[in-house]
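Pasting the structures in now, so scroll down.
Both complexes below contain chain A, partnered by chain B and then by chain C.
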Partner chain A sequence: MYVAVKGGETAIDNAHRLMAEERRGAPATPELSLDQIAGQLGLAVDRVMTEGSVYDRELAALALKQAQGDVVEAVFLLRAYRTTLPRFGASEPLDTAAMAIRRRISSAFKDLPGGQVLGPTYDYTHRLLDFALAEGGDPAPAALAPEPLDAAMPRVADVLGQQGLIEDNPAGDESPGDLTRQPLNFPAGRDLRLQNLARGDEGFLLALAYSSQRGYGNTHPFAGEIRMGNVAVELVPEELGFAIEIGEIAVTECQMINQFKGSKTRPPQFTRGYGLAFGRSERKAMAMALVDRSLRAGELGEDATSPVQDEEFVLAHSDSVEASGFVQHLKLPHYVDFQSELELIRRLRAGKEAAE
Partner chain B sequence: MTHATGYNFAYLDEQTKRMIRRAILKAVAIPGYQVPFGSREMPLPYGWGTGGIQVTAAVIGADDTLKVIDQGADDTTNAVSIRRFFARTAGIATTERTEAATIIQTRHRIPETPLAEGQILVYQVPIPEPLRWLEPRETETRKMHALADYGVMHVKLYEDIARFGRIATTYDYPVLVNGRYLMRPSPIPKFDNPKMHMSPALQLFGAGREKRIYAVPPYTAVKSLDFDDHPFEVQAWDQACALCGATDSFLDEVVTDDKGGRMYVCSDTDYCGRRREAQEAAQ
Partner chain C sequence: MPPAETEFRRRWMGVLAKAAPAEIAAAWHRLASPPAYALLRRPEIGLVMVRGRAGGDGGAFNLGEMTVTRCSVRLPSGIVGHAWVAGRAPAHAERAAVIDALLQQGDATLGPEIDRLEALQAERRTLAARKAAATRVDFFTMVRGED
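What follows is the complex of A and B.
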């Protein structure tokens, strides 16, 4: 009876074996391969790579398989792997203007140099369950454009910047910090803020961004540009002294353009909010850009009255690995604390009864 | 048990251990002060002892003997998991005997058996900031510590007395370390607070999610906050342990049936088991 409240080593082992069996599902059904996950559940893989901060489709697919499709658990698995990797250098800043575009849209201009490129998107699909998909089968091949995309696809914010209508990119720190190596202190600075948001939980950022649109800190945003495609990653090895390309990654970038009526020190102009995520992660990049702009309230002399404008509130609670762990730690035994509280409640009640 | 292949001794790489040791040294030099450190993402979840694990990984050596307890017990699930983690990644010896351990990692208890010089007690800390529930902002609480501005905590305790006639904090009871820093002892019951005072063992506190380390060096004064007319007091039970008969240990209440049946047993399983062994040997 007393033993029943304690968990033994055997019980833990057995629980893990049971979980492995459940994960496998019905033995008669073929097992998922990592290629299938990476190829056919690509957006889940993109999200796990983004929030796990590791660009590796195969590892992200493995994490998803191991986590039975639980994205937050998969992010945790990838993060715990990432933490042991050696750091051998930092890349040069990505040049997203030179991106090999797969999708590029602007809601601020009807047309612009390079044009609007829809690319693969769920936008404008009718969300009707496609029962034909349940049967499987190959889709009709995608149509090929009659001519290749323009070589030049200037970023919309750069086009506006030429006329001084939008602020210059806020000056960046020469050597950005890394919150996975150094503890986050407040005020954090934009480099660490963007790193935090890039790793932050999509659901949390989405809700915060949404709150900013509903009056809890208005950012008056326009989706200046969203672009998705491959960019080159360059590194300057110390022994060479010049940049070499070490590979390509797919990213989604969102530049929000926000109204700004000016302050004592700044003329009226548009301001920026920035979002960047691995792969095709448009919702995440847009939410991140809205939250980034909201968090610049202090810098731009706006009243910070809402949660989304509060740096400590947002950055301290955005990480799904931290949040998931701490919320779920309530499953751990708390007999001792609970016993202490029980004893107090009994004493308080006894005191009250005696007084009455 | 052999080491897990592919990982360094005790999981963390040596550079990370060095960074943590520096934080620990600073923490020991300023008793009770919360030192920020570059907490790593561990293969165990935040809130489940990642801070304690990192501190233990940074101080443990091949000839150390580790004991891990949760709620005072060696066989609770998370204690088993953490003990296995170190047995697997460091191949070190483990024990359930308090006096045989050189390092004891704990969650929510201090062992009943008094600690000795040379032992290290590593606490797992969920929220390191004693003022957090009175002031949610880190920027503010750091200022309050710098100025030793702890009036707000005294007001909170006073309000308890005004409302309930007594201080209504039963665990994680705030202490003043070395007469300077207000410190959260982690969610140990206040029953354990007196054990921290002038303890011959080194007490290290690790908060992984919150990225803080703090320490109470051996033989350091640890005072539980109180008032002259409401002195600090610890919990007492009307019962003795149903298994070993101890009257001086922290007792867990175990529900035995759905008709109000209860039994009280020691939360410290090693202490309870050893007492029973001694009783059996005497018979």
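What follows is the complex of A and C.
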């Protein structure tokens, strides 16, 4: 039985007007500007850019404002917006070794060239609510060292890699696959896995990474290096034929190094997992690196027994836009489906009663 | 284009792209007179897929996109200027494309302008690097009892 349902238009319009009024909050309170969101809720902006997969602070701030701070909804808005823009091309791969470092730490090597640079971080804070912030007021200015950081800050894993104790990163295809252009098939290459994880929901990846630490696919990780700062984006415009810088973006990179006992073809050495995210997204980059390493189980000849090592399970469920869409579609009218199931239950019960 | 000229142009196009919009506007207003030019490709906003490398130096992968504005102009002399700048910045891209064309034409007043923009960018980078350097950890070793 098919029942055409009409009549919701006015209710929907009014629901959206009500939502707009609630989003605005008390009219006597000044409205949030995009500059305020981009400047003062910067880590939320970074997360929306990373998972929305578009680096544009202003757009991400607008998405957060429109979504009343609901990050997953904001990610959806940004993803929807990107479909309205043409694709001009692809950049040259970022050179993170040449990053203008704002933070760079290693939990594996104390004395690394360039030093341990804490940068802006919540690490080592006491996580006590700061009621002075509720009052407002300007903070003390940041301390300035007499000299800037060393210009050369080599990636830690590269330093140890030179001694063969850490695996080399395998070279790959220079025109990597693109999930936004082709459906994901399994087995996926590492290029597609990394793209999927970079866009993936932080909460999902964090939980998977945690599961791997608790024993569901043991990764024995060390944070070989975490670095955050600005990198130049270069591309080769067709009309020029040579690479030019088009700007700088902030990224966070995490190199996990993991114990590896060796296999028939490989000596015992440290292996690597890699995380890269837009902006200051350290937890995300760390979780991504752990999951990336776990997903290499097959390649490294390890038993894949845990969810985090199951490529199809991880990659098919990491995207918050797909996940929230499918979960939330249950809110749409299913009156006819439910009616038919109700009929079925009634008939089954009637049959059972008749038999008794 | 000879390699040296390509290198000059690479530099100024990068400097123009990385300049703050207000700095480009200021440079524009310092031009002797508003230059005549025609739009070959009006400022157009689109996306560029940003790529990374697995492990930083391995195989390439697609990280995510960024917004970019591009523009192309032609001077009355026939010289064509291009600009590609991060973000949604039509005015920035148009002005950068015109300045790119003027620089190719050998406009002598613009060299110092590029130097000035580059110096501002270096200043910002140094300031950020000094703030970061103030957070560098100086380890010291505790004297151990058994020694």
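Criterion: the second predicted complex is superposed on the first by the 349 of 356 C-alpha atoms of A that agree within 3 Å, B and C clash if a C-alpha of one lies under 4 Å from a C-alpha of the other, contacts with A are read in each partner's own complex, and residues count from 1 in each chain.
The working rule: contacts are C-beta pairs under 8 Å (C-beta built on N, C-alpha and C of every residue); 3 or more make two chains touch, one makes a residue touch a chain.
Because the structure is a prediction, the values reported are computed rather than measured.
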item	value
Fit-or-clash call for chain B and chain C when the two complexes are aligned on chain A	fit
Partner with the higher number of touched chain A residues, chain C or chain B	C
First (chain B), second (chain C), both or neither touched by A:Leu94	second
Touching partner for A:Phe76 - first (chain B), second (chain C), both, neither	first
First, second, both or neither for A:Ser340, with chain B first and chain C second	first
Which of chain B and chain C A:Phe278 touches, first, second, both or neither	second
First, second, both or neither for A:Glu322, with chain B first and chain C second	first
Partner chain(s) touched by A:Leu332 [first = chain B, second = chain C, both, neither]	first
Contacts of A:Arg127 with chain B and chain C, given as first, second, both or neither	neither
Gap in Å between nearest CA atoms once chain C and chain B share a frame through chain A	12
Shared chain A contacts, counted only where both chain B and chain C touch the same residue	82, 86, 180
Chain A contact footprint on chain B (complex, rising order)	7, 11, 13, 36-43, 45-48, 50, 70-73, 75-78, 80-81, 84, 107-109, 126, 136-139, 164-166, 168, 170-172, 187-191, 209, 211-212, 235, 237, 243, 250-254, 256, 263, 265, 267
Interfacial residue positions of chain A with respect to chain C in the complex	49-50, 53-56, 58-59, 82, 85-94, 96-97, 100-103, 110-111, 115-120, 142-149, 155, 157-158, 168-180, 190-192, 194-195, 198-199, 229-230, 232-233, 235, 237, 239-240, 242-249, 251, 253, 255, 272, 274, 276, 278
Sites on chain A touched by chain B in the complex	1-2, 5-9, 11-12, 76, 79-80, 82-84, 86, 180-187, 312, 316, 321-322, 324-329, 332-337, 339-344, 347-348, 351
Residues of chain C defined as touching chain A within the complex	6, 10, 13-14, 17-18, 44-68, 70, 72, 82, 84-88, 125-137, 139
